[in-house]
């Protein structure tokens, strides 16, 4: 297993690319930078594929995961402790999915960026950051223990910060970067606490040992509202996940993150990084499954976020922000899936979402590129004829995300809804909310399509010269489009001809199927699935029709509705005033404290006072002692002699005392 | 009193007298000459202890290079009899007694503790040049390379100091 | 008697060696003047004694009876010390030179009589130590004379000698590496010529590696160390009157003179030992007839001397020369008659003849080459000889290593 | 056979005399020489110890000390020459300003 045994290569390549570009790229022409960046990521992708092949052929049949320790990073064994964190990488079915998604989509987006960023300044910087992100993301997904995972976790945070603030001359971009960073810190705080708790409980943070210990039947499953170790630990981990994956209440940074270049939004804030939270939850599903509460919280938060974000997305006019909110809401779906115990479905949705959301962003980027930087959909329209490829691919992506039959999103979303439905009894609130969200999704996505590509052009055609993007950008679009269609077919549900839930079975090595599935009989399950699928399709259709009616038939209607529903509209447009709320609740008090306490009292009086005091003291002492330093070397010599005398006296004192006695006598 | 002991005392007296005259001579050249005497005497002591290589190096490097350098500089600067200034009161009153006290203290310490140190059983047996060099190039090779580097640095420093500033 | 025998023996050796060397010095001056003269197609000293053979004695007397001037304002101690230092050191260095392998056939109160005064394991280092100290004689002389030409000469010489000492030392490292010892006898033993003849010498180094480069560096540096032409800047009469010994007269001057010639002898011995196989004969042991070379040299020379003496113009010459010639011839004959003695004489014979050759070389150079300029001197020392000798050391070390580990 | 103690006492005395010279003399060169004297005294002690302990390390150390002394002399004398050029004096007591 040449590559699998040297899994670090997959990581190292992007790091290398990043370093080379970062250190030497500034003087190089774009072509060289491309070669380095694309070469490193492409090779990394190839290695990943090979590694996966080896894993599937050699390791997977044996039914265990591949795990290799490369070197000790932290090891307190020498000093008595037994805490070991190694640079250990592991590969199991879950990792396979993540690695392929990260490297594959990442590579495509690298290609796209060469076209999109061609005329930007700081070209090498951009690719250096992008490769750095790849490195950390791979560390995150390949890590075999929480600490190493956390390294990747923080690393992607850093990369995201750098890339959001890529246009650091634009104040809004810089602020957005800071916002993302700080909000993530809140989540990471929880994450670290979770790690501490886990270590304190199990004495290890290594996945295999930890989960082995956790799945030990001695641990009872903690029921509803029982706050045992598992519940607390899971909730703390989930807090981190919320930060990273922009769930309520920490989602606020993601929409602003759209300040970064569009490929960044596609790669980091849609396809890969933001799904890290889902990955962590799925990775530690054993812990979550031990706690009723945690699962419910995850499900509810996810569901709420999905609806909440979707509702905001309804009225946004900035094309990228719409997509951002849709991302948030889709992430909510994934967490919903995890919350109802259908981790497989969640991961599956993660994958499909990576495909079509990346595609959406890239296409949006292509649109913006075509419009010469224009992002407001109100100033677009009727582009479908001018930029055909972009239009078609984006349409495919839209169909996929809205869950049109046989598109990727269809299967994943249905799987989630089905799981949600099966999971709970009674009113099925989660399911219903999820369904509404699906409807809303269909609405705002088609609203985006119609506003952008159909209707009359609403821009000044004399100034804006719409033009199709170069193939370096369109190529990835096409490939991703293909994936958005066929990517779902891994998981053809068994009720369809030829479908055999391949994906679920594939992941079943990691996630044993939830009990509810076995509860129903085969046929009943199928009939239920079919019904739910039809319902979902119906919902999607409704959303589509509404959007069609509002934005193509009577374009003036939306304004009227907005006027008639003034308060609701305002709330939505202002995103439920969440940012203002946070500003009032957290930011301003902080500023006040830092200004009046930390600055005026602590810094000026205490710290500066101390420092200056020391300085003055030193000056005073110096003034008095200065006279010893006459500059006359002989005096210094005498001082040296005195020092020598003292030292020798100390050394030989015991034996010298009697002699002194003799002298005095 | 064995021949070795006689030799030792002769050489020791020579060294001490040389050191004293280094202090008392007023002209740097005489001081330098007395220092050379001390060095030769010490080389003789090395021989007495059987450290012949060290003795040879002592004479070649100290006597043949370093002291020549000193005399060369004295000649070059045409240094005359030193002037006896006493700007430093500390040195004038405190210096001599303190330094003598240091001497006495050291000597006393050695007298009291020296007897604890074992005496060599076979004089000069170990000091074969070959073993010395083997040790130097195996165990102490890194320090050795370091000294070579040090010398390089010193050469550079001397060059920089020696060249007259262009103007 | 017996327990002090060693000391007495050594004392006797020293006295003998002193007498021999001093006489040799004296006649070296005569030899030099003769050779240079003939190179310049002159007769050279010819008045005092037959072929001017008594010239050295006359010079010695002259030195003794001249007034010993003590210039005004000199540093008396140092002024006296300098020539003593120079002479003593140069004479001392002879003490470690071995003249032959085998001790004399008879013993002295049970002590065997070797052909050297002492033979320390670090003979070479001792020689270098003495050479290193040799600077002081000249430098101090230059300084203490309290006059500008000597001072300049002293400065020059100290700088020159310190510079060339490096090359001198480095150039023999190769030899030491091959002999794996600092002992001169060891070095000579290692150049055993019984098998390949003179190819065994370090110069050709069939045993490990040729030291031609080392020899050249060494000899040039040695000439510089002895302040001889073409490196005699410390006493460059055209620029510095007489250099460091301008202010010296009569016997102190003679001391410098003797010191210089003695160090010439020492250097010649050293060159012989280090590079020319010491007392090893240049012919393989299998060539038996070479045993009679001494006789073959002595007898014809003696006969020629007799012939030349008979028709010499002065009566004195007519009396002395034939006697001397006859004596030499007789010695040659005796060597043939007593193979034991002949056998014993071989080693010293070769040794001395080589030394004689180098002394001749010194004179030859003096008669031939002009003096270097000071900057040329420094350039040669630092920029040519030193690097070359270092390279030589490296190469030799590599070869020795390769030979040691096949 | 000479007891090691004798060597040590001698080296102590020499070192002390070096210190005396160090504070007693005014001529920079002489002071420098007194430093060399102290170094020599220390070397003597080193060799004595190496003999006493029957190990060569002491002698090795002496070699290093000699090397350092050589380097020191090269640089130090260079400095002395410069000082003498700039101040027209070799008296340390006249060299009490960092810059002229």
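Brief remarks on what is shown
By written order: A, B, C and D. Residues from 1 in each chain.
The rule is simple: a residue touches a chain if its C-beta (ideal position, glycine included) is under 8 Å from a C-beta of that chain, and two chains touch if they have at least 3 such contacts.
In this text the structure is predicted, and so the values were computed from the model without any measurement.
Touch-path distance (fewest steps) from chain C to chain D is 2.
Chain centres here are Cα means. That of chain B falls 32 Å from that of chain C.
A straight line joining the Cα centres of chain A and chain C is 89 Å long.
If you average the Cα atoms of chain A and of chain D, the two centres end up 68 Å apart.
Chain D has its Cα centroid 6 Å from the Cα centroid of chain B.
Within chain D, contacts with two or more other chains are made by residues 19, 22-23, 26, 93, 96.
With touch defined as above, residues shared between interfaces to two or more other chains in chain B number as follows: 53, 57, 65, 69, 74, 76, 87-88, 91, 95, 98-99, 102, 106, 109. Touching of two or more other chains is recorded for residues 630, 632, 634, 637-638, 641, 644 of chain A. Chain pairs recorded as touching, per the definition above, are A-B, A-D, B-C, B-D.
For chain A in complex with chain D, the touching residues are 630-634, 637-638, 641, 644.
For chain B in complex with chain C, the touching residues are 27, 29-30, 33, 36, 52-53, 56-57, 59-60, 63-65, 68-69, 71-72, 74-76, 128-130. Contact residues on chain A toward chain B in their complex (touch as defined above): 630, 632, 634-635, 637-639, 641-642, 644-645, 648-649, 651-652, 655-656, 659.
Residues of chain B touching chain A in their complex: 87-88, 90-91, 94-95, 98-99, 101-102, 105-106, 108-109, 112-113.
Contacts from chain D toward chain A in the complex involve residues 19, 22-23, 26, 31, 92-93, 95-98.
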